[in-house]
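The structures considered in this document are given below.
One chain, chain A, appears in both complexes that follow, with chain B as partner in the first and chain C in the second.
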Partner chain A sequence: MSVTLTLHTQPEVPLEAECLSPDRLATLDQAGIAALPVLHGNRNMTVGDFFSVDGGKDLTVRIIGDLGRVKHVATGMSGGHLIIDGNIGSHLGLGMSGGEITVTGHAGDWVGPEMGGGRIVVRGDAGHMVGSAYRGSKVGMRGGEIIVHGRIGNEAGNGMRRGMIAVAADSGDFTGVNMIAGSIFVLGRLGARSGAGMKRGTIVSLHDAEVLPTYSYAACYHPVFLRHYLLRLRQLGLPVEEAHLGGRYRRWSGDSVELNRGEILLFAG
Partner chain B sequence: MRIKTTEIVDTFAEAFKMWGTRVIITAQTREWALAAARSMTGFATSVIGCKCEAGIERELPAADTPDRRPGVSVLLFAMDAAGVGKRLVERIGQCVMTCPTTACYNGIDGEQSMVVGGQLRYFGDAYQASKVLGGQRLWRIPVMDGEFVVDDRFGVQPGVGGGNLLILGGTMTTTLGAARAAVKAMREAAGVIMPFPDGVVRSGSKVGSKYKTLMASTNHQYCPTLRGIVDDSALAADEGCVLEIVIDGLSEDAVADAMRRGMHAAARRGIRRIAAGNYGGNLGQFQIHLHQLLDGGKA
Partner chain C sequence: MGDNIKIIENATCTFCGCVCDDMHLTVDLDEKKITKAKNACVLGRAWFAQHGIPDYPQATIGGKEASVEDAVEEAAQILAEAKFPIIYGLSDTTCEAQRHAVAIADLIHGCIDTTTSVCHGPSGIAFQGVGESTATLGEVKNRADFIMYWGGNPAESHPRHFTRYAVTTKGLYTPNGKKDRTVVLVDVRKTPSAPVADIFLSVKPGRDFELAWALRALVKGRKLDPSIEQVTGVSLATLEDLVDRMKNCRYGVLFFGMGLTMTRGRHFNSGAVLALTTDLNEFTHFVAKPVRGHGNVTGADNVLSWQTGYPFGVNFSRGFPRFNPGEFTTVDTLARGDADAALIIASDPASNFPRKAIEHLGAIPVIALDTKQTQTTNLARVAFITATYGINTAGTVYRMDDVPITLRKAFDSPYPTDEEILTAIRRRVQALCGGPAVPLRKVS
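Our next item is the complex of A and B:
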């Protein structure tokens, strides 16, 4: 029987709920889930203090309510399916390695920081630092997929090493900053200074963009590998059109202040 | 047993275990995909002289290819898995990577997989890059029209080589017509290729030779011009031309299915008999009996 948690008491201050992860809830019954510890501000409380719990012992978990103040949900998640029926706070899926998280509303900052696998789908917007490295950490996202159907904030993919971030609308500034490798797709417009400090990896936008002067223009061509990604994004429900599949892209190489082996591909029609 | 007026000889095709793979070649146009596929499957008629046997399995519409461009499916067979891997590196490197606009993908989840793109990538002179999507690693090798995209690994699986039909007709014209009709019908079967020129071979061979250094020589029993001087000719007086169709497949069932289709298509007025080549059942791992194929059995 799937597990459903319904928010009955809105937290007054941020609520840290690392325990709300399908793989952890899968072994617990209703009472066991309600007794799990959460941190409300600096006070120790339980899941049951904020959520009513229905069902148990299942890898599919649905959480209903505006969880905009609930942080660290699905930390280290390794499997199962978590559906958040509403908004979610920051640090969703921190370091997750498997499974899938679906957010029907908006997500806060730090979606999938330093995640290694699995998939996060946000139907609304997401905040800053999507798939990024924490401050002081050299490596951000190490694998998996983050799909955002709305916009994302600044510094998405900061220090990203592997995996894919895709956003249906615009991205904020410094998209792919310090990127080591991996792929970022922005179907809308790229923010300023995208790819700054990038070593390897790919940033794609379906619009033109101002590219940093430390990038060199290479060519306008048909990148065949891109078709695989765009088909995948279309499969995931992002608005990829036929023209994008067969179109030409301007390739910029950079960032020359680093390895200079990264690329920004801008759709040219 | 007869189909129409053609006698189906009560014999069997003796086939061998080989290792095979499927390669999907795509390109900007169908013509370029076919150009690469034809090049890749050239000089690949017999494993004895060419180290592998390869052929075009079918054309693929864009909707059925990994990158949604027009494509061609190629099957390649060799005697062992490592041999398949070596031939893939050679042939994809020389015939597909060189062909404008192409990309090359693995077409089967085989028992084993061979590193192909992972070897060809060195052509990129350290400018190559890889992308991993859904567990699939693609190599992007910079070339003069953009990039050559190739799968890192290609699956390899046990297959069957040497399925065959012998079409014995009264005249060359009639026998050629029957052979072409058979090949056309057999191409409708999935998972098989007919590796000889347009699927037909006239120089059928037997094991051994009067010349000690040769492993194979002309199948004199089926050569009409030798009927007067050999005492073991297999040809009747009214059989003036014999053509063979060799079939390699990814499974015994696939080869059997193709042979069944071929017999039905080839049988016609002027084709006296349809037989199959074997070595007395002493060499091959598979015996595909013609009568049992027509009775609905496999072998």
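Our next item is the complex of A and C:
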């Protein structure tokens, strides 16, 4: 029987609920889930103080309500399916290694920070630092997929090592900053200074963009691998048009102040 | 002027981050005011002249005069009951007071943040991410032959920076002062600091990151397209000449200001100039220092760093310090409506924060400590008027180069010090929260 949590009391201050992860809830019955600890500001509370719990012992979990103030949901998630029916606060899927999270509303900052696997799908917009490294950490997302159907904020993929971030609309500044490897697809417009400090990896945009002076123009060509990626993104529901699949892309290589082995591919028609 | 005159030699000015400690103050003890401040700059003279003894109640609760004891009790109750309390300010008080603020944040499991988060906070993030090649201003004075100011206007904001520390001052290896130095200024417009510069680079607004990145590329020997001039406003030939000077200097210093940290790119702008400094150390000795504003904002960074491990934007909700600018910084916790109580020390966020943050500040119980009535003390549930640091209280402050300097008191104030109020609040909060009985330093 799947698990459904419905928010009945809106937290007055930020609520930290890393226990709300399918793999953790799968071993617990209704009472066990309601008794799990959460942190309401600086007070120890339980899941039951904020959510009504229906069902138990299942890897499919649905959370209903505006969870904009609820942070750290699905920290370290390793499997199962979490559906968030509404908005979600920051640090969603922190360090997750497997399973899938679907958010029907908007997500706060730090979606999938330092995640190693699994998939996060956000139907609305996501905040800053999507798939990023935490402050003081050199490595961000290490694997998995983050799909955002709206816009994303600044510093997406900061320090990203592996995996994929795909965004249907625009990205903020410093997309793919300090990227070590991995792939970022922005179907809208790239923010300023994308790829700053990038070592390797690929940033793709379906629009033209200003690139940093430390990038050099390489060629205008049709990268064969891109068609496969874009078809996959189309399967996932992102608005990829036929022209994008077979079109030509301007390739900029950089960042020359680092390894100079990264690339920014900009759709040229 | 009365007959009861006192001369204080080698006093310290705490107006700006220069923290000049060569003031000669003439104090009229009858009038309780400083009548002359020899060696002070125009800002320092105004600082000393404007601080007399105000005629405010020592404490108020809900706008009505109250005893300090009652106000401390009310403040402690507010903080102990709060679920997401925040502490903010701290840049215009002593390190001794700052210590107690950190202890209170720890006891009440709240957030602690300083005015650093709205000035050089991005530099704090950059120090953590990139690293800092640093020096004292004494080293700069004695050794530096290449001085670069980026995104700052010291002639108006830190008037003695040029004469006492960096440009015209004569040092051990710079016996001819300015003649032994090359001075470069990078800014979006010609400010009153420009005449002192041998080279002035007029960067296009919002293009500092591109300029720093281009300099990094040239230092590393990479080729740049001449179109860099359209991007940054500075020609490739000028950049190449600058890089040549930077690589061939004996001891270079890059001072950077809020023109870098508070424009688009923020911590990446600071990080870019810090990385540029690191790159230059392949060729010569080069250091970078932020030019700090408030008198003891550097002390606030130091106290928070040595007590929590992080310089600002620290949260203790879980009982241990966590650092996340944007999440735990005060503008953000207020604008999002997260905070449910605030302790503001020596700062006036109600007059300079974004409207949304001020609105929330007006909706929650606020405890404010300041030397005068401000918009923040006016909206505060509990307000304390305290003695001015460096004028009415002794203590320790940190100069912008992280050097601690001891303050000398000029004359007594009837008002309690920040340290005394915070110690009392800490003691009461400790009793209310049942925290560990940490021995407190005796306040003189």
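The definition used in the following text is that the second predicted complex is superposed on the first by the 269 of 269 C-alpha atoms of A that agree within 3 Å, B and C clash if a C-alpha of one lies under 4 Å from a C-alpha of the other, contacts with A are read in each partner's own complex, and residues count from 1 in each chain.
The rule is simple: a residue touches a chain if its C-beta (ideal position, glycine included) is under 8 Å from a C-beta of that chain, and two chains touch if they have at least 3 such contacts.
Everything quoted here is computed from the prediction, not taken from an experiment.
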So, after the overlay on chain A, do chain B and chain C clash or fit? They fit
Partner touching more residues of chain A, chain B vs chain C, is chain C
Quick check on the superposed pair: does A:Y221 touch chain B, chain C, both, or neither? Answer first, second, both or neither.
first
- Task: Classify the contacts of A:L59 with the two partner chains as first (chain B alone), second (chain C alone), both, or neither.
- Result: neither
Which partner does A:H40 reach: the first (chain B), the second (chain C), both, or neither?
-> second
Contact-wise, after the overlay, does A:S183 reach chain B, chain C, both or neither (first, second, both, neither)? first
Geometry row: CA centre of chain A as apex, chain B and chain C as ends, angle in degrees (steps of 10) is 140
First, second, both or neither for A:E12, with chain B first and chain C second: second
* Asked: Which partner does A:R232 contact after superposing on A: first (chain B), second (chain C), both, neither?
  -> first
Min C-alpha distance, chain B to chain C, superposed, in Å, is 19
Shared chain A footprint, chain B vs chain C, residue numbers none
Interface with chain C, chain A side, in the complex: residues 12-14, 16, 39-43, 69, 90, 109, 128, 134-136, 173-174, 177, 192-193, 196, 212-214, 216, 256-257
Residue positions on chain A within touch of chain B in the complex are 162, 164, 183, 200, 202, 219, 221-225, 227-229, 231-232, 245, 261
Listed in rising order, chain C residues that touch chain A in their complex are 82-85, 108-110, 125, 128-129, 209-210, 213-214, 216-217, 220, 222-225, 227-228, 231-232, 264-265, 268, 275, 316-318, 323-327, 338-340
Residue set of chain B touching chain A in the complex reads 26, 28, 66-69, 101, 103, 129, 131-134, 138, 140, 145-147, 149
